[in-house]
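Only one structure is covered here, and it is reproduced in the block below.
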Amino acid sequence: MDRAGLMTLLNRVKAGELAPSEAAGAIAASAGGPLGSDLNVDGHRAIRVGIPEVVFGEGKTAGQCARMAAELDRLGHSVLVTRLSADKADAVSAAVPAGRYDATSRTFARRRGDDPHPLRGPVAVICAGTSDVPVAEEAAITLETIGQPVERVYDVGVAGLHRLLSRLDVIRRAGVCIVAAGMEGALPSVVGGLVDVPVVAVPTPVGYGTGAGGYAALLAMLNSCSPNVSVVNIGNGFGAAFVAALANRVGPPRAP
Amino acid sequence: MDRAGLMTLLNRVKAGELAPSEAAGAIAASAGGPLGSDLNVDGHRAIRVGIPEVVFGEGKTAGQCARMAAELDRLGHSVLVTRLSADKADAVSAAVPAGRYDATSRTFARRRGDDPHPLRGPVAVICAGTSDVPVAEEAAITLETIGQPVERVYDVGVAGLHRLLSRLDVIRRAGVCIVAAGMEGALPSVVGGLVDVPVVAVPTPVGYGTGAGGYAALLAMLNSCSPNVSVVNIGNGFGAAFVAALANRVGPPRAP
Amino acid sequence: MDRAGLMTLLNRVKAGELAPSEAAGAIAASAGGPLGSDLNVDGHRAIRVGIPEVVFGEGKTAGQCARMAAELDRLGHSVLVTRLSADKADAVSAAVPAGRYDATSRTFARRRGDDPHPLRGPVAVICAGTSDVPVAEEAAITLETIGQPVERVYDVGVAGLHRLLSRLDVIRRAGVCIVAAGMEGALPSVVGGLVDVPVVAVPTPVGYGTGAGGYAALLAMLNSCSPNVSVVNIGNGFGAAFVAALANRVGPPRAP
Amino acid sequence: MDRAGLMTLLNRVKAGELAPSEAAGAIAASAGGPLGSDLNVDGHRAIRVGIPEVVFGEGKTAGQCARMAAELDRLGHSVLVTRLSADKADAVSAAVPAGRYDATSRTFARRRGDDPHPLRGPVAVICAGTSDVPVAEEAAITLETIGQPVERVYDVGVAGLHRLLSRLDVIRRAGVCIVAAGMEGALPSVVGGLVDVPVVAVPTPVGYGTGAGGYAALLAMLNSCSPNVSVVNIGNGFGAAFVAALANRVGPPRAP
Amino acid sequence: MDRAGLMTLLNRVKAGELAPSEAAGAIAASAGGPLGSDLNVDGHRAIRVGIPEVVFGEGKTAGQCARMAAELDRLGHSVLVTRLSADKADAVSAAVPAGRYDATSRTFARRRGDDPHPLRGPVAVICAGTSDVPVAEEAAITLETIGQPVERVYDVGVAGLHRLLSRLDVIRRAGVCIVAAGMEGALPSVVGGLVDVPVVAVPTPVGYGTGAGGYAALLAMLNSCSPNVSVVNIGNGFGAAFVAALANRVGPPRAP
Amino acid sequence: MDRAGLMTLLNRVKAGELAPSEAAGAIAASAGGPLGSDLNVDGHRAIRVGIPEVVFGEGKTAGQCARMAAELDRLGHSVLVTRLSADKADAVSAAVPAGRYDATSRTFARRRGDDPHPLRGPVAVICAGTSDVPVAEEAAITLETIGQPVERVYDVGVAGLHRLLSRLDVIRRAGVCIVAAGMEGALPSVVGGLVDVPVVAVPTPVGYGTGAGGYAALLAMLNSCSPNVSVVNIGNGFGAAFVAALANRVGPPRAP
Amino acid sequence: MDRAGLMTLLNRVKAGELAPSEAAGAIAASAGGPLGSDLNVDGHRAIRVGIPEVVFGEGKTAGQCARMAAELDRLGHSVLVTRLSADKADAVSAAVPAGRYDATSRTFARRRGDDPHPLRGPVAVICAGTSDVPVAEEAAITLETIGQPVERVYDVGVAGLHRLLSRLDVIRRAGVCIVAAGMEGALPSVVGGLVDVPVVAVPTPVGYGTGAGGYAALLAMLNSCSPNVSVVNIGNGFGAAFVAALANRVGPPRAP
Amino acid sequence: MDRAGLMTLLNRVKAGELAPSEAAGAIAASAGGPLGSDLNVDGHRAIRVGIPEVVFGEGKTAGQCARMAAELDRLGHSVLVTRLSADKADAVSAAVPAGRYDATSRTFARRRGDDPHPLRGPVAVICAGTSDVPVAEEAAITLETIGQPVERVYDVGVAGLHRLLSRLDVIRRAGVCIVAAGMEGALPSVVGGLVDVPVVAVPTPVGYGTGAGGYAALLAMLNSCSPNVSVVNIGNGFGAAFVAALANRVGPPRAP
């Protein structure tokens, strides 16, 4: 249950269409809770922070991922499992057959329709090079699972500015921009100087020598001379998408 | 000239109220440009990125700050000078008599009316302790200069959760939250778990030993378990406000 | 032999029940010593620092671990081997058949009864997320091997404060709290603001990007705004338990 | 009001000696609260975490320190201001005439009697060299202000073990040990191998070259081979004392 | 004496215009050597590495700087003193009256004519912002003292690409480019993508928070996706100029 | 197509030997472009920055490397793939049969004749020890693929200066020097003191303990007391060669 | 040939027992030189720095190691190959059948008699724990190969001072002490306070969390409060032995 | 009293020239001890570690320095105070009138005759540049105070190898070499390749940008390819001298 669903329910109570006890039962049934001693599903997170709980696959067993995914699916939420290595994907697919695993971004997703909130526009997901695509795709698939439209603008690093400038129309249409880059991490600054919307920068662990791990890119982004840039953790495409999705919403959810 | 002003101008041209050549002259006159060999005023930044140029006072002389502030003022923009040490404030005040210097945040500001964009709501500027106030105030005054309403929620660090929870109504009304914290930087995670809007975290250089300089807080914020948190550079209250202001806008500017 | 055992022995000498030479022999026999050129068993550590020697399994061969475990067992101590990878577990199990290997925490333990000291209460072992459980379990099993009661409070991270607050009664009953957390490491600060007992914080190497390795959590904990928090090394569940066990004792050991 | 005071009050209500409304008034009057927009006094912290609020002087003006100290004094608490530079001391002294400023540790303290809790023993405050004394004294004065007995064992670094061993009787009598050291930070490991009580290690920013700032000592302490050592932030004598004081208490407070 | 001078001398010996002993005397007289026990002037450095010795002013007294400058002047070299704080400038000026102190770059220079080598073109000295000018000027003045033509292109950071692109003609005429930038250090990558000559990047210590000290810019430059970029130490305008001057030479020196 | 080829074409147009439309077609045909959604070939990079695009093999699949190599080959460029692990080499060899894989440097190269630019001389590629050879060879093969002559001077580290000095004649003949070194990275400083040409230093990740990863060498090189040294990223033999090749050119390309 | 051998040779020339041309031939034959393009044997290193060349096995192929070992053996030197992984050992053993591989320290050694220099005494090789033994053994075997007597004092870490003090007689007999320790690296400071000879400290990469890699131990040793401690790189048992061997010599070599 | 003095005393007891009780009194009188609560003089350190206690002036008041210096002087030791800022020098001079303050190295010294041990030779104190002289002088004066002969070889950095090679005779005569260098710290490696005695490397905090603080030099020295190099803390000229003095001694002290 998300906030729109909750409001629908309460409006039906107010309209006398639903008994308060039935509504209470429905709300309680949607709350999630412990799945054994080792897992806790938070079914009301969509009500509290606007987007349902997402399963972080790293450090969980295939079985744990599958049980959480199945429970979120059962509660009627979109299902998203991030950082899911390929060897755990089958178990999750079996638990949520309607979902799909993407090996590039290591995500498993089952989408449940469009974001009910009115939006500023599509989210532009921009990346500097081919090696940044996995992080960019984690962001793009997260956004699509939330139900927001995405424009992918890939392989437009600053060593050849003409590539970026040739896509400027797409970028300027976006409600929010996500920019993923490794190495020197300069792309968010350049994008930031060209748009009047929030830019969420996500450093990628792409590079070697002093650039390995993504720290050079992270520092560059934190020190961007374009003040419309904020930053998430290295490789955190999911977080970038989450922030962007919230910033892209311009009003309360429409009742379904 | 900002985008709203530009659109007004062009609409008047379209309506035959203004000759194209006059419009062109007005646009050119608003473009700014070099102020001597050492300074460049970018009068069209408001058109390009939505907010007028802001003067970063650190590393500039009092005279340079004053000349830039005067030029921005002359062009009709709100004037904001950040990181302006007290000894340079008089020169800027003399150049822009309508402005005001705030010693806590080291900002000089002259505001020119409300943000013409429709907004989600006020921006909550939240900070953990008394020592974080200078950074929080840099954010708050930046927002006020842009023309957005601000709610200050100060001294509500996680060591005493009751302080934060008692202000929850104000926080949940906000269109965007800015959270400034030093030391262990835990406050953005806690706030992030309570709201469904973007949270812009700004680490402050408050602490000693391993916390001096703000790195502990920065790392904590980048690793927040609340995915609606993005981060700006240590002490960058201005940047936090800039990002928040853009995220808080929900539509194109109203014509003035 | 621990301190209680030593005092019993000496009281029997005083009472004339045991010849001094027999007592001396018993003490010497319990002292441990070299097991070949490469291992040294310190049988009197329980007398000196209150808890018997524990075998750190990392960097030792299966055979070395087994020989040390067997010797400690033979001397009548509880046996604890930490950081024991699964491939070495069989050798140790064969040497100490009464013990048990736990794969999650990578510990092998044989417990020998309750801690003879009077205690403040149970030790609460709290962790932020599922991925922190291995470190938390190393602490919990260490405490149980020492013979102290443990309350596990798992998966209560700060992104959903309601989870922590719903377990507050258990936490407030504890004599000492251990808090394991990775990522931004904020949980010890929040717990520290809610209890009046020592909080031992243990950062876990859980996270990615800037959080990988546990440094972000470590820094957060060292900079906690809750002054009842002290910190052990990243991943050091054993050390956290050792410190907590000593702090939880409120008097000299009862004679057995 | 601390927990003992609260219990006395409630027992008087139970005994019919005090009207509930009067008790409620007294509790409310002791709660503290905002002192203007910039300061918040938490009068019930002693009830919640066992020790009254302490004023951290760094980053606060002399006036802010004085107002907070005066309010805590008015509420009947012991007063402790740490990190108070000498130039702010007069203002605080004027506000709390019964207190005393110590220039070595930069603390201002007014003590209000003994700790009402039964204790394990004195706290040994041990330091390696003369330059570590300011941090050690911050710990010692904090403990004395809380009302616990302190044994100072100063200038006993590991380069001359005979100095430490000659004070072993004092150290072994302690209920808890605090060990402050800079440079290579080896002293806590050595002390930890000699006692069966918790050792709280506090690195000091004493050293030069790679030791400047205290990081070498911090790392050494986190990696201590003595498992009864936990660590606080560099220079955090106050925190070490706070942790030690809680660990030293072995029962609920005696009614006054 | 530089290589051109040496060749002239030797050609005159060959032509019988100069006696070998006279030539030997002249060479020996130009060799420099110790100036007291604390200073060594290397008069033949111009022969060995192509550019005369330069005095690094930091860590030398005013007197030491003046003595070295005077000796280099006496030997007929151009004189350059870098990192010369203003309070030492008078002493050097008195020793080399024909020279001039520049307070922005903290350099003292006396130039002795054009570089005798044929050059590719002018050296473009490009910087991102006003605060980078001191480092850029150190490079520019070094080049001018060596006798090479300089094109200054200042305040063209990536947040406003139009500023850089409007100077592209000047940049593309250069034989070598020097690019100084602080903060995120993105400018060298962008310039590198636009030119077919070596780009020498010099990070500046301009920024705050994570950018303070210039490390973010340094890392960005080392990880530039433009492979024609090499890097010198933070703030090392002098070194950048030295490298650029050698790369700009396209043949052996013309005899004077 | 490179700049020489472009000029030939345009001269033929001018001479009436080629119709403008044919020339336009040839230019367009050489521009490269997207190879599917995941790859972009920049066929005009040789025109823009003087050297054709090079394929960075790390983070690309064998198929992606092969497709890019084949396209560059088809466009008539020299082909260079760097950081190509042995398991991907067959695919690239199949796509460009005229090329050759070098396992030491992990490069695949097909050379297309000499550099059309006049050069200062050969490039000396110098390395300190046997373990530095892979990085040195990446540089040497890159230079050879560009078409410049290379002198290899290997295993001449500073622990035995006689080895370096015995090769001084070769080193002094070079137009540019590349120096690869790990461990303490001292060799570039020593070489820099002996030559009057640019020295491009490339740290190698050779060493252990504090030297692992190449950071010690990188720092040494950035702090070289020889001012003719500039630095590229750790292990970046390709970048060193690229910078050196540009610096080694002393005029515009000769028409082929 | 070492210095003693060289002197013998020259004395024989002086005595007329050997023709100068024969001596010259012998000297030249002992000089070593290139073994193919990739290896250089420095046969005169023993003359120059007192100890023959040692082969660092890391980063060399089995064949390269074997060829260098065979050549050094052929020249009559002791043979030592360090950091030789087990899979390369057979090749080296085949090349130098009289040598022996030690898997713990990963060294291959063939010793050629006692050090010809008079010595202060044995070298004490001390280590803190079992995991430090591989590094300690690298030192011990290096010393034995040089021909110096070694006293091993293992597993005497500071958590149990009695273990160290019980071996004090052996330690005080030593001419030089080598102390290897990981974790907090405190042992060299304690040893340094007990002896009047040089102490060479070698940090080991033993530990976890913040101690992993040996940096905590390195910093502790660099900041030792015992001034007779100097330090070598993490894990550099070979270097520690080399330094110790030179310091242990008290006179020129005795003629053989 | 040092070891030679102690042996003289004991020999006189053995010879019947001194009553045991008188000897005991003399020994006790020389032991030093507490000077008030804040200072401890260790009069027997010369017996234990071979060199008398030295006063580290940093972090002590002028009065503390003076009292310790006076006591060491009274006990008949050489007096050395290091890191003594100029403003404290007068107090120490007044307390030990026979001593002398050196402002360059910030040392105060009173020497008491030659080292009674036989020595290998003079100690060469070598430094790379003028800015390294203060650290080099701390080493040189420490050695002179211990009573060992010193050869100063200053300003011989690797950018001009001829300077070093011209002093090679002096360097090769030395019993031990100390090499102080900042910036890239290459000099110890070069010296190490030329001598057969221990080389003690001391990094200096000389440099800027990445070299500031001396870390680049420290890392270079730890990674030296010359294995006869060991390292002390940044700026620790005193420690380098202490290590060198012990290594330079080749036998027990001669009776005075």
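The letters A, B, C, D, E, F, G and H name the chains in turn, as written, and every chain counts its residues from 1.
Everything below uses one rule, namely that a residue touches a chain if its C-beta (ideal position, glycine included) is under 8 Å from a C-beta of that chain, and two chains touch if they have at least 3 such contacts.
The shown structure was predicted, so the numbers you read here are calculated from the model rather than taken from an experiment.
Common neighbours of subunit C and subunit D under the contact definition above: B, G. Between subunit D and subunit G, the least number of touch steps comes to 1. Two chain pairs, D-H and G-H, are weighed by contacting C-beta pairs, with G-H ahead.
Put simply, the C-alpha centre of subunit A and that of subunit D have 45 angstrom between them. Spacing of subunit D relative to subunit E, judged by their CA centroids, is 56 angstrom.
Subunit C and subunit G have Cα centroids separated by 40 Å.
Note: centroid distance subunit E to subunit F, computed from Cα atoms, is 27 Å. Multi-chain contact residues, meaning those touching two or more other chains, occur in subunit A at positions 48, 160, 192-194, 209-211, 215, 218, 222-223, 226, 233-234.
Interface note: chains touch in the pairs A-B, A-C, A-E, A-F, B-C, B-D, B-E, C-D, C-G, D-G, D-H, E-F, E-H, F-G, F-H, G-H. Partner subunit F is touched in their complex by these residues of subunit A: 130-131, 133, 154-155, 160, 163, 206, 208-211. Across the interface of their complex, subunit D is touched by residues 3, 48-51, 54, 120, 176, 192-198, 200, 218, 222-223, 226-234, 238-240, 242-243, 246-247, 250-251 of subunit C. Against subunit G, the residues of subunit C that register as touching in their complex are 37-40, 42, 45, 48, 58-60, 64, 83, 203, 205, 214-215, 218, 233-236. Those residues of subunit E whose C-beta lies close enough to touch subunit A in the complex are 128-129, 157-161, 183-186, 189-190, 192-194, 207, 209-211, 215-217, 219-226.
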